[in-house]
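Some structures are shown below for you to check.
Each of the next two complexes has chain A plus one more chain, namely chain B in the first and chain C in the second.
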Partner chain A sequence: MDNKPLQTVPRPAWLHQRLRWALIALIAIAVSLCAVGLQPAIFNWNGLGQLWRFLAASGQPDLSAEFLAVVLRAALTTLAYAVCSTCLSLLIGAVGGLLASEVWWLAVLPHQNLHRSISSTIRMILAIPRAIHELIWGLFFVNILGLDPLVAILAIAIPYGAIVAKVFSELLDETPRQPLFALLNSGVPAANAFIYSLIPQAFLNFVSYAFYRFECSIRSAAVLGIIGAGGLGYEILLSLQSLRYHQLWTLFLALFVLNGAVDWGSAWLRHRLGSPTRLDLNLRRPTRSRKQSKPGDPLVLGAGIGLLALIPFSFWYVAADWTKLWSPRTATLLAEVGQAIWPPRLETLPQLGPLLLQTLAMSILAIAIAGMGGVLLAFPAARNFWSPNGLLAGHTTSGLGRIWAWTRLLLTRAFLLMARAIPAPIWALVALFVLFPGILPGAVALGIHNLGILGRLMAEVVEDLDPRPVVALKAQGVTAPLLFLYGVLPLTLTRFLAYILYRWEVCTRETVIVGLVGAGGLGRLLTEQLSSFDYQNLLVTLAGFVVLTFVVDWISGTARRALR
Partner chain B sequence: METTNKSKRLGDKSAKLNESVNLNVNLNVNEILFELKQVNQQFGRLQALADLDLQIRAGERVALVGSSGAGKSTLIRLLNGTLRPTGGEVWALGRCLSRLSPRQLRQAQQHIGTIYQQFHLVDSLAVIHNVNAGHLSHWSFAKALFSLIYPLEIETAATALRRVGIPEKLYERTDRLSGGQQQRVALARVLVQNPLVILADEPVSSLDPERSREIMALLRDLVTETGKTLVVSLHSIDLALHYCNRVIGLREGRMQFDAPADAVTKAMIEALYRL
Partner chain C sequence: MVYCAKKLLIIATLLLPIVACAPNRSAAPTGETTGEAQQPLVTGAIPDQDPEKLQRLYGKLSEYLEQELGVPVEYKPVTDYAAAVTAFKVGDLGLVWFGGLTGVQARLQVPGAEAIAQRDIDANFHSVFIANKKAGIQPLTDINGLQSLKGRTITFGSESSTSGRLMPQYFLQQAGVKLEDFKGQPGFSQSHDATIKLVEAGTYEVGALNEQVWKSRVAAGEVDLNQVDVIWRTPAYYDYHWVINPAVTEHYGADFVEKVQAALLKLDPNVPEQKEILELFGASKFIATENGNYQQIEAIGRQIGKIK
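After this line comes the complex of A and B, so read on.
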């Protein structure tokens, strides 16, 4: 090559945007760790024996017929709660989603240029019920409705309804509009035009998202058991408090099976329907053309009928007292709350600041644990990676290697399922065996639970990976570690980070539920105020918490845009 | 005539490193680089290649032509060792590829560079990293990791990019480049890898005609300047005849003809594409 002086492009700033975010994240984690160190004592070594007894019991779960009957009833209750609340939240979400979408107002009020302001106002209002965790809703409804199954259903349906509304409205707004306007311009009323254009266009996305919500509400239904709503969560709490660890493991197994069946069934159905993956939905990617199932696929039809039959069964099984919704007593109590809540009292304000920071630190540590664990476990949990014929596999795999690969895959997946099937407050109670109350047990509990969720999502990212760069590097004789570094990591890391940031928002909301069992943070104060009917102070605490979640949402959103 | 010590011509670190792993590759012009012996390739029930016998010598520029599904891509994958034939033997650089250990195979693959129709680059990385990926077969893990944070061997990458005509794109993100530019990045990666032979699997099929000619001219010049060998599968007969000196026609997995470019007749081409 010639010897002209090289005119190289100047090297870009060393501290580019991504690296800056990485540094911010590292500092945030370090500061949060320091906050843990402020506590006088962290480890409670006396609890080791307890922890050991708990772990040892995993070998012999209680399988007596009478206890199994209890477990079955509890599992059915949890399932029924999940079905009912998903149905309700989809109903709320469908209406709310339509009203929160820009395109609806554009269709209804074509010439007034108001669509953007109306839809963004409605979206803003929806953000508030969404910011408040199911458990807070649950505790609030217990105060109003007493201990009734209705509490659990409403507590899930309201925040979930708001989430579904947000997602549905975004899906509607992202669907191509030309067919809709073609109908509108020929004089079709807005509602009719919608059901003939946008709604069928976006329907598969709706269905896919609805299944995903159902998976989540199974987990939420288990958590709500802890405030006395019944079901597996409640039984777990009872067994844990009375130190019956053998029973505990039976209940864990039931949760494991229930969650596993729902996750697997939902994934199978979505796949069969040819609906987009969660990835496409969450990351707003244009859906790739996937294999559509033939109409009248008997398996899908059977599953659909089964699911539809499950709905009336669930409503019958939970036997909620719906009349309470419009009973005079409820109205009176609500009115009382309305009066008691005003004016807000600011006496807990000085306490609020440190607690908010503690909560923030807890959420940061939790997502750090979940994120790191998730990244590490996503690869062994992905079907296309280490398995025979996977991305990193060579030409020959011995029989033994094959068995080892499959075992590793199944073990990782089982671990992830266990981590997410067991509710975070239960993990917190386990962590409290050996940790003193504070930020750390809460962070560990949330971290483990979210690790299970993130690990699964990330494994899907890996399974969705573009294999071409890897193929090219492989053909060039690159070893597996470097293949991973240059072909796999750059393509997956951005999506991993997007998921981690998204999950961080969820983690912040969930800090409340580990606070409930005494793991520290704002959750403890909230639950105390709720159970002592201290609504004036509650309003301030809640406002503080909502502001915190908005701030976290904003940081996470900014970071995600920067990393894209 | 000998293309003697590669290191004299290359004069850079990668060549020394290549030698230090003791590859023992001393090729003469006209020496056989690739040899296929009775190769069969079966995908399930589909016979992708049947009874293929073929020799490719150092310094040749070979075009593979034929309609889609004729087995061109399969042949390329056999030559670079990413696919093992279901029958017969593929010899490359004096070694039978299917008898090599994974480590030996990787060593052989270092001398075989491949370019693809879809470029096969990592979109989310800067161009510099995709070009540096050409070093990966002899970089240590630590070095590769460090380079992702603070790019190393900029000079080599910049020279390669200058050679392919896009020096200003060094730090650009790869997915912001046009198709033609991305194929140039892929070429720069192969330049950095500095193999003995370049395999190209329909390198211009996703480019417009003008871009196609540019890339093909670039490929031919790179190959002739450095005495490398080229095997390229092409959709366009014109490009094949213009830029290569040997044309192999494949039809339904069988070799229809194998002739010098100037001996290919209209009748041969019509027979190749006849329905």
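After this line comes the complex of A and C, so read on.
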């Protein structure tokens, strides 16, 4: 496009593509709200006391030595599980991502015109493991592996591996291809050409994403306490069942520390490596030249060695029995599961439609809450924004003003950390104290949890903002609100939306774990069937989830392309 | 290019430990506490009441059983009903403290499995229906009174809970009340304590739960009786029990099932240490039980669709 002669840019149509998508989103949210609005009362003021009791317990967490020892051991277990499952998911994701990328097939089969169909088929297949929540994977693996640490590792690694594969393949496809084709055309074999061009180009993005995945694994390990693995998830479940709020808050604090430390550590390391944000979606733009770390930065080297040591330690600590993967018992049990689920029964098929819509409505509301909250909180949570010397900082440099600015930054960040560290089922129970049962409390629970994640990702976008246009505008005396509207939003909004759409898919899957709100949609049906060992009908419900994931995937993919 | 290659080397070294670790771990013995000599008897439980006590509870019980049976005993924490039943089915759990329904589900999947012991209270177990005072529901005089709950909101406990779901739903059905007759979908709070709190808050007007949990929470002063109270107590039924996997006889001898049963029944409230175990279970002693006691539960399970 750059080479064409200058031509007048036509004024965009009134109803241009972005506006159309905005309208679609608004209508979707409105329709979902209608599904909620059928009940006369929404707020249950009577439950404020219960909510208060939960929140007040945060002031007095259970700090007895006995319990702290339990928490410490559990935190270590959770960390070890997260490390193991992240490693495995990255391995799966690297292979899967290569195979699912268009550019790989273009390089391997240059003469057949098949690359697009092969890669999109593989991407479709990868949507299946992604559609199924870790919890269900866990139960499946108990069926074939029994009680072994392996169950929890695989339960996280399989769906995460598929997610990593999807993101990796997108990264590969969006990395500039000229160097790759230069190598290929000079006769370098495809694998070598990849190793010397595309992979190093995308490497920093891979590493950043790997750290993001690690953070997610910790959160996931905290939900997945069910399978004899122990860890914080197990302890949280135990304390939750008898509502020991003081114990729960101690466990949450452990999660804050763990999440916060990994978060901070990965941000620091990424910064040192000069890599972009942890999850670089929507990057159809030339990689900006950035300050690269000097090779051999001693701090990075130290951190790298520390991480390297953490991996074998975690595998040793978890002590999974890997022989189970190929033992004859596993094969027998797998065959038994096969017999138990086949043939699928279609009894629940008529119910499936409404339940699908219910799940969809819940996920849309959840992501709307998370998205809006995330956008609002991303700015106060970003270091370079309202803080002193930030882009939008006022001219007051009084001591009080500075203290207020830093407090605001810390408070927002603490809130975001709390929102994402506390597992969604706990938010669901808390939401149920003050909201009447239905889709709404489920959406609120998922919304709060994902808000914490989105807010952090978006704050990073803001911190990563190219300051030049904003500084230029500011120098011309543009007022703060206008600066925000014309300088900041245009630079950040598309990437915010890309994150929101990406997280939406996660929300649909997570509706499985907030079934206690009395409107779980497909998730409720799934838990009922699991607890009845009704595997033949279960298969159909899972298929429903897969369909839902396809739909969400397609919509968000189309929308992201349109918004680019 | 050199720089890129260096980075690749870093990836390779990053991934190396994973590959290197796999065979190492597989060679190591899996049972950490015991040698290869004897496989431990693995016990488990479905946490239903005071699950945070489980750790202490099973530490003590494992010690006691080790002493009595002369074999190593290990406790595996499992917090999910379906996972516990499945682990029992594949033989990774040898002796499990199941609820009424889950015990039946487990036995149906393991031919030869036996119910061997229950608490004194389990032969005569009850659920209670509770209601928020603001809902203005009068205490029910008999089972037909359940019809007055039509049009209300209700929450059960866990999907597989006998006292928090199966039996309450059965009695509702007996009274001619279907789940569709309630307002909205029934909730599944996942625990008896959550049921109490959600009804106390008024989120749900009615709830159904294990009477033992209700009584102990009321006794501990944890329930606001101005907000919530019992409206009906169900007739009695059989609930929690110990189920043993027939595979244990292969490892420890043909009479092992009887031995375990005898050890459980022998728990004596007059011996301080054993009294502690019994108290943690909320029992004054364990009594014998048999598979036949759970026929009603099985029939109801099939009727309601929890057993296929």
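Everything that follows uses one rule, which is that the second predicted complex is superposed on the first by the 452 of 564 C-alpha atoms of A that agree within 3 Å, B and C clash if a C-alpha of one lies under 4 Å from a C-alpha of the other, contacts with A are read in each partner's own complex, and residues count from 1 in each chain.
One rule holds for everything that comes next: a residue touches a chain if its C-beta (ideal position, glycine included) is under 8 Å from a C-beta of that chain, and two chains touch if they have at least 3 such contacts.
Keep in mind the model is a prediction, meaning the values are calculated, not measured.
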Q.
Quick one: is A:G477 in contact with chain B, with chain C, with both, or with neither? Answer first, second, both or neither.
A. first
Q: Scan A:T348 for contacts with chain B and chain C and give back first, second, both or neither.
A: neither
Q: In the overlay, answer first, second, both or neither for which of chain B and chain C A:N384 touches.
A: neither
(Q) Between chain B and chain C, which one contacts more residues of chain A in the superposed model? (A) C
Q.
From the superposed pair, tell me which chain A residues show up as contacts to chain B and also as contacts to chain C.
A. none
**Q.** chain A contact footprint on chain C (complex, rising order)
**A.** 1, 3-8, 10-11, 13-15, 17-18, 20-23, 25-26, 28, 30, 32, 42, 44, 47-52, 54-55, 76-83, 85-87, 90-93, 105, 109, 132, 134, 153, 155, 158-160, 184-191, 193-194, 197-198, 200-204, 227, 305-308
Q: Spell out the part of chain A that touches chain B in their complex, as residue ranges.
A: 1, 6-9, 11-12, 14, 19, 394-396, 466, 468-469, 471-479, 481-483, 485-487, 490-491, 494
**Q.** Residue numbers on chain A that touch chain C, as the complex places them
**A.** 39, 44, 46-47, 49-50, 70, 87-88, 91, 138-139, 142-144, 146-148, 195-196, 199-200, 203, 225-228, 230, 234, 237-244, 247, 295, 304, 307-308, 311-312, 315-316, 319-323, 329, 333, 425, 429, 432-438, 515-519, 524, 527-528, 530-534, 536
Q: Using the touch rule from the top, collect the residues of chain B that touch chain A in their complex.
A: 77, 80-82, 84, 102, 105-110, 112-114, 116, 118, 120-125, 129, 133-134, 136-137, 139, 141, 144-145, 148-151, 154-155, 158-159, 162-163, 167-171, 186, 193
